Amino acid sequence: MTRPVTLFTGQWADLPLETLAEKAGEWGFDGLELACWGDHFDVEAALQDDGYAEGRRELLDRHGLRCWTIGNHLVGQAVCDPIDGRHKNTLPPRVWGDGDPEGVRRRAAEEMKNTARAAARLGVDTVSGFTGSSVWHLLYSFPPNDFREIEKGYEDFAERWNPIIDVFDEVGVRFALEVHPTEIAYDYVTTRKAFDAIGNREGFGINFDPSHFAHQFLNSPEFIEEFAERIYHFHVKDSKKRLNGRRSILGSHLDFGGPERGWDFVSPGHGDVDLEGCVRALNRIGYTGPLSIEWEDSGVDREWGAQDALAYVRRTDFEPSTHAFDAAFAREE
Amino acid sequence: MTRPVTLFTGQWADLPLETLAEKAGEWGFDGLELACWGDHFDVEAALQDDGYAEGRRELLDRHGLRCWTIGNHLVGQAVCDPIDGRHKNTLPPRVWGDGDPEGVRRRAAEEMKNTARAAARLGVDTVSGFTGSSVWHLLYSFPPNDFREIEKGYEDFAERWNPIIDVFDEVGVRFALEVHPTEIAYDYVTTRKAFDAIGNREGFGINFDPSHFAHQFLNSPEFIEEFAERIYHFHVKDSKKRLNGRRSILGSHLDFGGPERGWDFVSPGHGDVDLEGCVRALNRIGYTGPLSIEWEDSGVDREWGAQDALAYVRRTDFEPSTHAFDAAFAREE
Amino acid sequence: MTRPVTLFTGQWADLPLETLAEKAGEWGFDGLELACWGDHFDVEAALQDDGYAEGRRELLDRHGLRCWTIGNHLVGQAVCDPIDGRHKNTLPPRVWGDGDPEGVRRRAAEEMKNTARAAARLGVDTVSGFTGSSVWHLLYSFPPNDFREIEKGYEDFAERWNPIIDVFDEVGVRFALEVHPTEIAYDYVTTRKAFDAIGNREGFGINFDPSHFAHQFLNSPEFIEEFAERIYHFHVKDSKKRLNGRRSILGSHLDFGGPERGWDFVSPGHGDVDLEGCVRALNRIGYTGPLSIEWEDSGVDREWGAQDALAYVRRTDFEPSTHAFDAAFAREE
Amino acid sequence: MTRPVTLFTGQWADLPLETLAEKAGEWGFDGLELACWGDHFDVEAALQDDGYAEGRRELLDRHGLRCWTIGNHLVGQAVCDPIDGRHKNTLPPRVWGDGDPEGVRRRAAEEMKNTARAAARLGVDTVSGFTGSSVWHLLYSFPPNDFREIEKGYEDFAERWNPIIDVFDEVGVRFALEVHPTEIAYDYVTTRKAFDAIGNREGFGINFDPSHFAHQFLNSPEFIEEFAERIYHFHVKDSKKRLNGRRSILGSHLDFGGPERGWDFVSPGHGDVDLEGCVRALNRIGYTGPLSIEWEDSGVDREWGAQDALAYVRRTDFEPSTHAFDAAFAREE
Amino acid sequence: MTRPVTLFTGQWADLPLETLAEKAGEWGFDGLELACWGDHFDVEAALQDDGYAEGRRELLDRHGLRCWTIGNHLVGQAVCDPIDGRHKNTLPPRVWGDGDPEGVRRRAAEEMKNTARAAARLGVDTVSGFTGSSVWHLLYSFPPNDFREIEKGYEDFAERWNPIIDVFDEVGVRFALEVHPTEIAYDYVTTRKAFDAIGNREGFGINFDPSHFAHQFLNSPEFIEEFAERIYHFHVKDSKKRLNGRRSILGSHLDFGGPERGWDFVSPGHGDVDLEGCVRALNRIGYTGPLSIEWEDSGVDREWGAQDALAYVRRTDFEPSTHAFDAAFAREE
Amino acid sequence: MTRPVTLFTGQWADLPLETLAEKAGEWGFDGLELACWGDHFDVEAALQDDGYAEGRRELLDRHGLRCWTIGNHLVGQAVCDPIDGRHKNTLPPRVWGDGDPEGVRRRAAEEMKNTARAAARLGVDTVSGFTGSSVWHLLYSFPPNDFREIEKGYEDFAERWNPIIDVFDEVGVRFALEVHPTEIAYDYVTTRKAFDAIGNREGFGINFDPSHFAHQFLNSPEFIEEFAERIYHFHVKDSKKRLNGRRSILGSHLDFGGPERGWDFVSPGHGDVDLEGCVRALNRIGYTGPLSIEWEDSGVDREWGAQDALAYVRRTDFEPSTHAFDAAFAREE
């Protein structure tokens, strides 16, 4: 076991951090990737209250846990998205405000800058999250897209995120986009386009989560190698295709967990993700950051799932070899 | 060859109907499925000009062609859709008007009623087309959908289309939705939901096009058998998955024909569609309507494609057997 | 681990129950599914000897074991079957009698009624078993079947089993047919036909064993969902296809374990059965009964196999989730 | 095209031979494989009426057709089978007689001897057909088989067929068993056992029909090479697996053509059979006999099917190469 | 049909060119790719005899044939290879000389320069051929390779071929290496290395033959797109994997055509090559040169094969589309 | 766990045996398969120094280890190979001598005889190793092979190894060739040829390592059954195909561990090898020798790998069953 294994707290935000940290410590996690919602990590408090970040660290310490990364997916999502009621449900009131779309986007952008500053105060160098996208909804080109509109979506992304990343750079923190459908980058092609749009700047990298690639039929280990320099964080999650000729790979507008969906998220090791292949690729590119487990399996009790996933990651995350296996065949001269 | 083979004219609307009919007649088609755009079939003219429909029929007759169906996909799409610039490009100015979304949707609904009336004047009993959808853009549930919103999308569909289908019923014409991503129904689950929403009324059926199912990993022949009573029209088109671990099944926001797409439309017989399986299913359900070829292959010259497709359909569309193959084993007594 | 894990004793009937119970208790099983052969559970004794059932329960208690189900496959098989020497080898002499086929079938039917009564005495509410079939041998229709004969097979089944199930109903016990080739129901189609034949009465349900589905290329989790209301018991067993172009899926009239067979039974987790998929389906339908391990692997020592299977089931049988994984993304208001 | 292409007449026995021969001649067949039922070829008449065989040949000649083989599947089936009503429906009354099983089997055996004699009179050297089997119904070993019984089935076959083949030898005709489920040989294992049982005598060979192998997941070209010396005749027929997780490979006791079957017979070239692979294997073993098309497709009109199959065979049956492709790279010295 | 279809004459060198040209003309080929062996095209004669090249062209003209390319695989092979008896069999005596390896390699290099000059005289701009390789035999690294030796193999290639390509450049002809096992480039990796070694100079490109990629499990259309600028010629040939668990993909040191080989060359359209995919890729990169059919199928008569291949290429080589299929959906404004 | 599990020491020859034995003992291995290089087992010392073999055994004893087999792959390789610099790197100087190829081969042959004698002294009855091959480099037949040369390669093998095996026979030790590309036998075909060449003598058998079969697409369990009488030793190693359309199955002349290779060796249980299938086959043939783990995974730390492999083998190596699972269904009479 070469890398710390953490638990992403986003799906546990109904529990106070104290409760969750106690559980995670007992289960044997090395740390938590704190979500910026629930009471887990409050960006505003971190900036306004000098002792807040220190307090969070002490809380974690008490349970033998560390923090390498915080995640602010929900606010990041609102930076580029067309805004609707779904965002109202997931944004802090101070970001939602009056709900005027452009206002929401601008406040979300400011909040992401503050997230960078808060991360710096907490002493972590990576923020994971989403970007949103002004063009995601044009996915299937009908009525036929004017593809210049798609290009404008990438320009819009760059215009909105460049100033955010400027702040990240200032405070020495990196943003790690979780490449994911609904985001500006969700596969090889769009990741390349997003990086090109933002000038391949170092402050903007990837939180790679292979569960979003399996149902797209994408190869995760190769992605890690292709974008080796921008893999800043890694999510351990899984998904499983359940195709039988009657279930669409597109999901049928059904909620996760529905028996008629063509694919679903499942606990790590229970789906199509080649985690060992990812570990080998991470070894090759020299990634030494956390493997952060994200529980998303509508069919499995989450506490059972967290422990099952931890055991799975521990036995799969092996150290690379330090020499060629046929080296010992040669005589030493 | 048991069924008439027609050519859908929608992708040839840059050509005058006279030109296209001459070609199609020479190539050996039995008829045309006239698109309600270009100069092929003008709904307004058909209603206002007593001789228009008759004139279209005569034009077809001159080239040995018949018409069983007209298609008005572009206007139908606007009935339920959120409206944007893409609709402006594809709607007649009289429907687009000032572009106010609700106004566009209402005028599109009226135009669909008129399309039914125009079809009746032309003497055809089926209109193929699209419905649009107010919820398609919520396909991937992030930010998490409130799934009551999805249900409302089906209610909205029923409210807008029930009055349209009333007119179809009055004039003795059926509407055949092309089950298709971006529409209210695009797979098994959503087709069932759409039919339930609209009360399974007879006036609303399916134009089945298997090319939209192949890339969703859906079984087309089984769909034909499951919805046997509502298969009102059949499109012969094909699509091909091009997955290699680096191309997403979601299409990467790339235009059709791009080499990095994970799937693409191709000429009939050049892709993943099991046309023979569809023919066997159509035989079992007793479908005797046209097989309408729709050319959509960015890599193939359309004139070559139309003729290649016609030959392919002719050799694939066989008659069913009239008795069991082992019947002759028994002695007659 | 949410459900009791039991061991079906049928393949251990060469051992006295006392011996087997001691082993099973030590291995950590929760209980036994007692076979009505060997000395494990004697239907006649249970009815004639007031203390017999109580004695069996005490024996199990001593080893920390319970009993939820008894299995009487061998006698049930004779109820509908054409009778031959194979039945003589597997029936109690009192059922075989003089071996006259119809007499055997009738005595077998009486014995199944008694099995229900004996189960009630033992305090279990489920009897697993077989039905036999008068038409199984007509599987491949050559010489061509008169398919009315097949229908008569289902009628024969209903006539013979309805009176048996009447007794089951009277004593508050359910019969759970192990859906299985050689039985009246062995797949989706025949299960539907059998249920229809017997009026879908509640007393007649399914002991589902996915090992019989894998070599038929049938989906087990979907079967569980389709027949959710009739899944009364679950057998954990596995089978593996060994096709190489020279071995027939039909088994070549070879004994199990032969290297030239196209498929074979194997220890749970060593074959093609998707047990996790079954567990998810069982969770969805709310099945809370036992998971009963049936050892049938000609290549594995049965004691090793029983323990290996128990460990496998324990780590695969997880509890379902109690809430959606994205519930915590929403602000509480 | 190197080999004659014939049509097996068994499925056309409702038509007088005159009618069928006229059609087959017009379609371009080289000959007919005459079935010994309907009015196509009457074994009794051929033996009793000196001009009968000559008359059949003249009839064929008139339509430009020849005959290399006659088929007597229905009578051969009764030689080893347990006899039931299905045989009554398919046997000539003189063979069925009073229906006493052993009597039927003996009369069937005599009829097969006469078939050899009649074939000799007609001037053909091969009779295709079935053997029946006394053990086919024990296919799935439950109740568990006493496998000595299976061995006895092969002995019974040898005892009944050796005297028949003696007559074949006397008159210089070979019997070609169609390897087929329900027969004594239906795959690699059972073909080997059957040949061993009958002493690998030359008079008893194979009519190979790959459609019976595809649904058993067996490799047909390798079979041809393994049993090269006993391939006496070849049937061109096809079958197609239709598995979707809900349809059993065992056929569900459904009639051919039913939409819920897991596999079905289909017209040549429309299924899973690798005919080109068979042709290459036939070339390698030097088979120069007919390719005999057997129409069995419940979904295709038989006249369309016969012509479609003929065209398919003509374009697939190519001549082997006479020298290595890289021979011309070497200098001649 | 957009491109000329030619026949590569290398496998027909036992026939005088006159004979072959007559056949090819009758079969409908557009031209021949002349092999520099047999009497097809004699490099020495072309340089020494002023009328030779003219005479060859006239011979072709008489049969309606043209020549775009000549192939000198056998001599090219000797440029880098370790030399053994196999080369003696395939080289002209003037190149073999005394058989001293380095002398053979040097004479072969001179002959390739002369081949360029002879091509220029014949008026063709492309020579297809092989390079040989000094390191091919180190394919499987055991005893473990010193991988610096592999690098030296590429340097050796560059040293030997750069002077040859200088002559090609001088006379305005391009060399097209057939990427092929046994050559310096046989897959993606080695093609990239070979091009790098030789400085990516324009005079050295590819004769792409997808039959060498199918058995390596390589994607041919993607290769065409990746090396678009260096695709100078295209061979239509096919190969087929015949894996059954007992045949090695490595070929078992068996001659082509042996039934135990794991793969073999087959006539175009009879194997695993995706020719349509190649055609689409060739369309995308704008390749307008010949499609040259190379017959190599040990199981098919070569004259049947040549004609079958020609028909196959004619129906597969379609013209690309000139506009998007959804272009006609937009109103013209 | 029925068989001893050993560690092959060849890849650990950089460590003194004392160090390695201490580790292996602590990890729980049952023994070591000593390599005849490094300081692990010195053939010369064993013959010259009376106490050497005894000393090695004592060293192993101290760590609770035994030795059933010694391996001399590197010297064996030189017996038939064309000799080059790679052999110099891997041979003892006394075998390499002046490097004259034939001299090297002869000294290697003598050393293999001595290896047999040394094995006898150590008290082991099996030597694993390689043979080399004079024809391996002719793998792909271009320039076209004269296949008589291939036959001569097998004759050369027999001539060189027969005298070696004579010594093995004399001292009661068996040679077990590791079937492997680069050796005289590497698949089914070549193993059969090698055995035939050497007269199927008992002294020459197989060290079976399934990792060499997986990338050749060969079935390992069937091989074990086919060559049952000659399976003398078993290596537990694994390999994994990494094909993606851009990586060749041939390895691209890349070193093991390179990300562009089409297959690679991996730690047992991490690849394509069906170890359970092999265990079942070994059970069927009655093999009771060691399962010897060979670590070769360029991506995994070897100490982690050795322990991971040991745990994997322990849980996979089960005992066979001693009776049929349905035996207990029959009444005892």
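So that you can tell them apart, the chains are marked A, B, C, D, E and F in the order they are listed, and the count of residues begins at 1 in each.
The rule we apply is simple: a residue touches a chain if its C-beta (ideal position, glycine included) is under 8 Å from a C-beta of that chain, and two chains touch if they have at least 3 such contacts.
Remember, it's a predicted structure, so these values are computed and weren't measured experimentally.
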item	value
Intersection of the contact lists for subunit D and subunit F	A, B, C, E
Identified repeat of the D-F interface (over half of residue pairs identical), from A-C, A-D or B-C	B-C
Inter-chain centre distance, subunit B versus subunit F - centres from mean C-alpha coordinates, in Å	63
CA centroid of subunit A to CA centroid of subunit E, Å	49
CA centroid of subunit B to CA centroid of subunit E, Å	46
Junction residues of subunit E - those touching two or more other chains	74, 89-90, 141, 143-144, 219, 222, 244-245, 255-256, 324, 326, 329-330
Parts of subunit E lying in touch with subunit F, wherever the complex brings them together	74, 77, 85-87, 89-90, 135, 137-147, 149-150, 180-182, 186-190, 215-219, 222, 243, 245-256, 260, 262
Subunit D-facing residues of subunit B, complex	219, 222, 225, 276, 280, 283-284, 318-322, 324-331
Subunit F residues touching subunit D - in the complex, by the definition given at the top	141, 143-144, 326, 329-330
In the complex with subunit B, residue positions of subunit F that touch it	244-245
Interfacial residue positions of subunit C with respect to subunit F in the complex	10-14, 37-38, 74, 89-93, 244, 255-257, 259, 265, 270, 295-302, 304-305, 308
